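Structures for review follow.
Two complexes are shown next, each including subunit A; its partner changes from subunit B in the first to subunit C in the second.
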Partner chain A sequence: MRATLRGVLARLRIQLEPSILVLLAIPLFYYTLFFLAPLGSILIYGFGFDWNLILTPHYFNLAPIGAPYFVSTIHGVHILVLRGVDLGVVLNSLVIAAAVTLASTVLGVAVALLTGLYDFPGRRIFAVLAFLPLLIAPFVNMYVIRRLYGYGFELNTFSWLLSRLGIPFGIAFDKQAGVIFAQTLAFYPIVYVNVVAALGALDATLVEQALNLGSRGFKLLRTIILPLIMPGILAGAMLVYILSLEDVAAPIIFNFKNVMAYQIYYFFQSVAAGVGKPYEAAALSIILLLAVVAPLVVVRKYLSLRYYARLARGAPRPLQRIRLGRRGLLAAYLLVLPIAVAAAAPQIGVVVLAFAHRWTGPLPNGVTLNNYVQLFAMPGAFRGIINSVEYTLASLPLILIIGFATAYVIARLHLPGMTALDALATLPLAIPGLVVAFGYFVFLHNLFRATLLDPLVYPGVALVIAYAARKSPFTVRSVYTGVISTPPELEEAAKCLGSKRSRVIRTIVIPLVWKSMLAGLLLSAIYVLSEVSVSITIGALGGDITSPNHAGPITFVILRLIQAGGVVGGTQPQAVAAAMATILMALEAIVLATISKGLLRRGQALVSF
Partner chain B sequence: MAPEASSKTILIVAIVIAAIIIIGASIYIITGLKKPTTVTVPTVPKVSVTIPQTLTKTTTPTASPTQTKTATATKTQTAAAPSACKEKITLTILTRHPTEIIEAARKFFLKSKIAKEYCITDLKFIQLPPGWWPEIVRNKHIDVAWGGGPTLFDILFQQGLLRPLQTKLALEAAAQIPNTIAGMPLKRIKNGKIYWVAAAIASFGFTINRAVAKSLGFDWHKLKTWKDLASDALGLILVKTGRPALAIADPTQSTSNTRMYEIILQAYGWENGWRILTLMAANADVLSGSALVRDGVISGDYMVGITIDFYGYTAEKLNPACIYILPSGQTIVNGDPIAVTVSTQHPKAAEAFVAWVLTDGQQIWLLPTINRLPANPRVFETPMGKKRPDLKKAYEMALHAKSMKFNDTLAMLTEYAMQNYFKATLVDDHNLLQQAWVKLLKAYYIEHKISKEKFEELKKKLTDLPTFKDPVTGKMVKFTIKYAEWVDKLLEKKPSLLSQYLSVWREAARAKYLAVIKELGG
Partner chain C sequence: MVEIRVEGVKKRFGKTVALAGVSLHVKPGELFAILGPSGCGKTTLLRIIAGFEYPDEGRVYFDGRDVTDMRPDERGAVMVFQNWALWPHMTVYDNIAYGLRIRKVPEDEIRKRVKRVLQLLGIEGLEHRYPHQLSGGQQQRVALARALVVEPKVLLLDEPLSNLDAKLRLRLRGEIRKLQRRLGITAIYVTHDQEEALAVADRVAVMHAGRIEQIGTPEEVYKYPRTLFTAVFLGKTSVLRGKVLRSDGDYVLVSVGSHRIKAMNCGVKEGDVAAVIIKAEAASLEPHDGATPIEGDVTVSMYIGSYVETRIAVNGQGEIIVNLPPAMRLQPGRRATLYLDPNLVYAFPYEAEEIRELAEEA
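Here is the complex of A and B:
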């Protein structure tokens, strides 16, 4: 007993050198001041809300409003319109998130198993299709989804195609059902990549033994493979659930506003913004937070650094793909392929729209480069690109410092409470962006009013701080994996020879993990570029894209072009937004390709998406 | 593994997109460098050259003696203006104007003589929802506030955030704008000081997409007044297609739509006005901004949308199937103000910009992408003004339109309460309202389940102002005009009460809608 205590004390003394204390202090300071404090300040406003109101039907409505579906006839084509019901702000969000998570999980797992486990002609087509929606084109993809599958006075593209093939039936998604459908298409690849990565870390011997013992088909899946990849499924499902809860794009495009995320976003847009105190938005932020925390506790392990590092190491002996039987092939091509094509169509549609003269009916018409010309001619749009680059460059040093300090400390410091730091370092991934944005606003605006840190005065500064906090986990994860895969003996040897910790870090650790650092930084960069929630709320405080000096990044420009783009030069604003989105997609694709080419294991690069 | 294939493909896709972007950029640079103006304003390529001189020329002969003085004053200033500026000024302008206007203003103003005289080298526009305006004027240096309607400017005025015009240049420019038009003030004057001046005028109406009307078999000529937007006929489109033909905007997110609702509430009286607003909302999709309404009608997603006049004219230009309707005798002409704010750092330069907007800058309203009615009628005498007889006609129409008597003060006294009551009862409860309305229309027109009398009775019930318990006084009340005034003041003093009021209003409306549904047996 005494010996162990003395051991612990001795270990502490060895471990707690000044340099590591500094490293420990960095994440603690940053996360406390710029992550926990903003979240905490929401609570203060939450107290101002009359919580009795939350039980009114506006928030929880147990008597569903509206017909979930109906049949309509447009130009002689019978359309089954799926619409969904209104269950109040809170319940709608939860129902949508649950439905999207379920649908995405089923779809994502199916495609991942098909491409990761089996070998069959055309497998790569599936892999590419499932991958496409990961190139995030915020808002524009939702607009395209509405054109492809939405409900209007004109046929949607899908029903129009069917009618051309002589089938007088079609399908359309509207309101709540539209939100669920659109989010599923956009988010299922997240489950897909997580499951693919989990399959990559699957020990082949286990599967081979099962095969040798005669297990085949569904039994093999159900009893061996699914239990083994369950962490990947849960991690992916959890991310989808969070993304669905915080998404404002689909509710805006499908005009279904009784969801929490939209109501929080509304605070930043309403006439009353300055007049009414943000009590309701604060209350909804708290509920959103609770809705995330409960399931998060369950799957916490699978979002942690340790799990991520295990995935990154991969399997000792990877799996040989199994040949797919005829029935399986039939199912793949008749069932899974159409869905994967349908889900990838919006991304292709975004590119088409970017080169279209106009797309308001079932089909786009006219091929033009005018959208790009307009984009480059519009100083505000160009400003968005510059802002994005500036913010990214400004936040990267912050991310690098926080990322390295956090990862190194968690990997090398064996102290009680390190699991808490691990959780803290991954928490930013799990907190809905709008909650973060709202927290930053009330925290910084009230505490640092009319100073450099006031988002109303300098939105750019607040954005950089927020980006660094929200997107550092990608760097932390990557550096952590790098650090634990270098033997600690090297550092110990250097220390025995008299090097101080700071020198060890400079001469031993950094040269060994720089690749991981770079990869992590690139991943963080791509997420900073495609960040939506903080960008469209705090980013809006510097003015609209009409101003050539506004403070909004690319995603903000896309949203404003979609919402009120004006009609410059006779182009369709959504098409100009699509042009902007293709630039973002190209940037994402380039960075991703770079990372998976040379810097990270592919599965690892992907799982971060 | 799968990702191998995808990363390769993605690299190819990325390269292709990047190549296209580079080509696009180079095309822009090549074409853009030659003719900078053709890109955004294709139809009036040489506007920028003509703007600085023309209006001054035409105005000088007609100018009053004082104006001649200013002309000389300006001249002396020009002469005195140092050729090299000591300080380059960037004006920060808070605005509600859309992209087209801001880009045109920036482009033409920076080329103007005034800009050079006052060393203004850039304009920085901040476009924020109206709710942020007072907050941002207090916390940040804002030089000019421009556009957003008179009510927004009166709020700033009342809070002491506007700075009266002081320079001769600006006062002379303001003198060219009539004090009132069709009975509505175009300036806010207190103790002889001018706080805001209208830079443009606007009327309100609705835009119809005739192609959609045709495909729906709806005779669009039937839509003449606001009341027609609340009609059963429009509702029957919703019943048949499951999709509303009308688009309106949430008043808490649109100042122009707020003004239209205020017009309706005064044109038909408070109580009847709310009946019409209720049925309009029932017939409509409530969108989150007036530009979305306009775009929805242009693209054919809706048959009709309520819009400010220039959105209507723009829609007509972009899609010839669109037509803007001015509801006869039920519209007003509004001035759209410009003002200098108290937090300005460059008061002289700010006033110079205001002066430009009120004189030479008036021509930007005539651009084919903008189509707004100028506040300074002299712009129609310029060569460019002569090219827009259509706008001149629209201007005359607005001037002499059978516009209604509109009580500006009354609208302002109830505005915040009205916006929120609308939001609570017609936006938040929209799905339920629409369900009740569709059920009612079906029961009478399609299923013939109820008599005409019953139909009218239930319609009245659906649109009645419901009784609710006031969360502060505890009394049972209705949202009468007097009550609205009272609650408006209360909410201004105690904003934290808003969520409670929203909630009781929502619940009162919900109970009313549910009662109608119940009577119809659902």
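Here is the complex of A and C:
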């Protein structure tokens, strides 16, 4: 404003104590070197691609052939098989992501409004069912979805159940339709939790005012509630869109490989053999980046720390639930409950599979603990667990330092540019994981060739720093919320007694926000453990799971087990994968429950996806 | 003992002007009160003196040394916050010892000094409690102890008593005053409570809308207001509108309806429209030398204890509030004649805008 140069310099000197400079340097250094630079290297590789090819039918196919659906008869049951047409690698990804986002948003908003605004018998069951898919069981959930609703030589479980009820028709999802269906079931809870959190931050006074003005039912919903929770909806929808674009699990399981994420993943499959096409992978990464940047600019505010902290605080006076009328109840039970059950079924199915001998037909067979024994007996599987534990433990100190430094600086430093740092710190949440993986590969492999940082030499170091970059935002958000909810006077009181900033941080700030730090770290830890994109790409460069010394983490092992055929150690490898996934799910459940019960307020754990 | 000078300090937050140009001079060892309604910029001024905010313009000097560009920890001005800001994760002892530990005072010396300051404030025996285990009064004393134990050159108190009940406020303000004198600390005491300011301070600055209206001893600012705001803000006051008939040196005669009220001349001349400000204690029921009689109907009469607050409607000119001795309680509906001491009645040029604002604030 009217600031003189002298004033600006004085202000800088006052704020930028040495300790603050260190804290500021940490995120700038880390995110620049291990986030922006890898993404930047992709752009350089992008020049190697012949962009004239991008409009060929391989990428954009506007005249697809083939039937989007057909009817097949299995064991006398007529199955409507939904499939879809191939629109080319780029367009497929975009169409699938759009469809998944739309379906997830409708579903997530409906379930959230139902459980958030109304009270009815069974509401808690709804809420838990809708929450279950958030316990990520990488790849295995998709595998189970395929068993439940997919297409194969045998009836899927759903159609089999219908036939048992005497209905001779069934449905099966295959290829593109399978990907869309499976991703919707897996991702809609993200919209759900974001909307639930937004409802929780909704001040009852506003709604009551509208009620007093005579607004009722749909009008109230449309004119008052929806606009108020729109940020939550947009944030959730954005995350689903990104997750759909970066997901390789559904394309792998439903055997539909003509999407961008799979093609980038495929680069890693072939690079070790020296036949990878890096320029194409770079081009697809750039397109993926562009595809998320545009909508991100629109909803960025709602992914920011500031917005997150506001949600986490909740409303001063939250909304009272309304009792659902009889017609509403009927609609809830007939329309929404079946969907919630259908979406939660895979999670339950993962647990069932973990204890089953095998599951190849409509239903799993037998009960056994052998799958868990195999986790230790199969050298490759056990190695994966050890690797994951090591990588996670190694990444946590990094995450703690980055998380605290970033959060504290953004919360307490009053300098221009803090919004940019906020954006930078939350950006890793919004960049498709495969793009990050590819960026890491070209960056580290070219700049640090033949060193320990080169993923082709040893992927472990690259994995650890990539994990820290991708999963630190959970810690940043948690610590940020912790810092801004402690009054600044507590720090000022120490400062005016003569304390330098470093001492203030050590003696006042950290003792007051350690719970938020711990909560953030735990969240980051479970998301590191269940990280997929970097794990199955960079992580795959350290040997296959048949080798007892491979360098891949748990999710990589799960993927290989899911892809394996035949029988290993007397059980189906997919069942061993399920056993491994249940361990992840249990850890996730424990952490989320601990955090929401003890360490933080309720809303905070919920939005933390 | 430190002398504090503030020169031409301005500060805005976005569109809000918190300080519109403030200058003041606090003498060494003085207890200087800043008095003003809520939102007038008191806290902002104090935070600029402490170094928590940087002024848009203007400088702050301690003993002639420009401290504007210094950090709070380099200034040595210790602040006691309105919400006390005790560290919840530390015991009373550790809260108080904090400043001494920064100064690397040996632990046994710390023990002695903490003990002494606890005694001084009458809160011995609380050393091992945590802040949440203390009453409001105790917390306030701990906050004060934490500041005093380092024997600060400058003590900045931001409404230190506003979260306490009336009785405790009364007692603690006396204690703060005694300690500040005894330790020879230069102190700035911010409050919106005029009684508190007038009671404790050597000098008072009356603040309004980011400006200082007047600086003086409590008696000066109370009895000789130099601005309309100060006149209306201090004490219990009523405002009437009138026209200046005659001016004679220090006094003027103002016609208010059918009355002629004698008042101190605060910048009006013959023919001016004047705001006549009457302090509640200006009125008595006995005629006396030089007093102005004024007649009206009693509308309200409230027994407060040591006096009766009485409202009197003055023939279509508005109401005035006066304090009368309990022995002479007037019943509502009665007609009464009051006698106003012209030394507690002030005639200022009439500023409609400001008077409306003041009425809203009151």
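One rule holds for everything that comes next: the second predicted complex is superposed on the first by the 591 of 609 C-alpha atoms of A that agree within 3 Å, B and C clash if a C-alpha of one lies under 4 Å from a C-alpha of the other, contacts with A are read in each partner's own complex, and residues count from 1 in each chain.
Keep in mind that, in the parts below, a residue touches a chain if its C-beta (ideal position, glycine included) is under 8 Å from a C-beta of that chain, and two chains touch if they have at least 3 such contacts.
As the structure is a prediction and not an experimental result, all values here were calculated from the model.
A.B. asks: After the match on subunit A, would you call subunit B and subunit C a fit or a clash?
C.D. replies: fit
A.B. asks: After the superposition on A, what does A:G498 contact: first (subunit B), second (subunit C), both or neither?
C.D. replies: Second partner only.
A.B. asks: Identify the partner contact of A:G84: answer first if only subunit B is touched, second if only subunit C is, both if each is, neither if none is.
C.D. replies: neither
A.B. asks: Of subunit B and subunit C, which one contacts the greater number of residues in subunit A?
C.D. replies: In the superposed model, B touches more residues of subunit A.
A.B. asks: Please indicate which partner A:A593 is in contact with in the superposed arrangement: first for subunit B, second for subunit C, both, or neither.
C.D. replies: Touch partner of A:A593: subunit B, not subunit C.
A.B. asks: A:P428 contacts which: subunit B (first), subunit C (second), both, neither?
C.D. replies: Neither subunit B nor subunit C is touched by A:P428.
A.B. asks: Regarding the shared-chain residue A:P511, is it in contact with subunit B (first), subunit C (second), both, or neither?
C.D. replies: In the superposition, A:P511 touches subunit C alone.
A.B. asks: Of the partners subunit B and subunit C, which touch A:G46 in the superposed model: first, second, both, neither?
C.D. replies: A:G46: touches no partner chain.
A.B. asks: How many degrees apart are subunit B and subunit C as seen from subunit A, counting from C-alpha centres and rounding to the nearest 10?
C.D. replies: 160
A.B. asks: After lining up the shared chain so the two structures overlap, which partner does A:H550 touch, if you call subunit B first and subunit C second: first, second, both or neither?
C.D. replies: Only subunit B is touched by A:H550; subunit C is not.
A.B. asks: Minimum CA distance, subunit B versus subunit C, superposed model, integer angstrom?
C.D. replies: 28
A.B. asks: State the interface residues of subunit A toward subunit C in the complex, per the touch definition above.
C.D. replies: 1-3, 7, 10-11, 13-14, 17, 487, 489-490, 492-500, 503, 507-508, 511-512
A.B. asks: What does subunit C use to touch subunit A in their complex?
C.D. replies: So the residues of subunit C touching subunit A come out as 12, 50-52, 54, 56-57, 68-73, 75-79, 81, 83, 85-89, 98-99, 102-103, 146-147, 150, 156.
A.B. asks: Please output the residues of subunit A touching subunit B within their complex, sorted ascending.
C.D. replies: 48-50, 53, 56-58, 65-66, 70, 72, 74, 81, 83, 86, 115-116, 123-124, 126-128, 130-131, 135, 151-154, 174, 196, 200, 252, 255, 257-258, 266, 268-277, 279-280, 351, 360-361, 369, 372-380, 449-450, 454, 456-457, 540-550, 563-570, 572-573, 579, 582-583, 585-586, 589-590, 592-593, 596-597, 602-603, 605-606
A.B. asks: For subunit B, which residues count as touching subunit A in their complex?
C.D. replies: 1-7, 9-11, 13-14, 17-18, 20-21, 23-25, 27-28, 31-32, 39-40, 42, 95, 97-103, 106, 122, 124-136, 139-140, 212, 215-216, 241-243, 251-253, 255, 258, 285, 287-289, 291-292, 295, 298-301, 303, 314, 318, 369, 416, 419-420, 427-429, 431-432, 434-435, 491-492, 495-496, 498-500, 502-503, 506-507, 510
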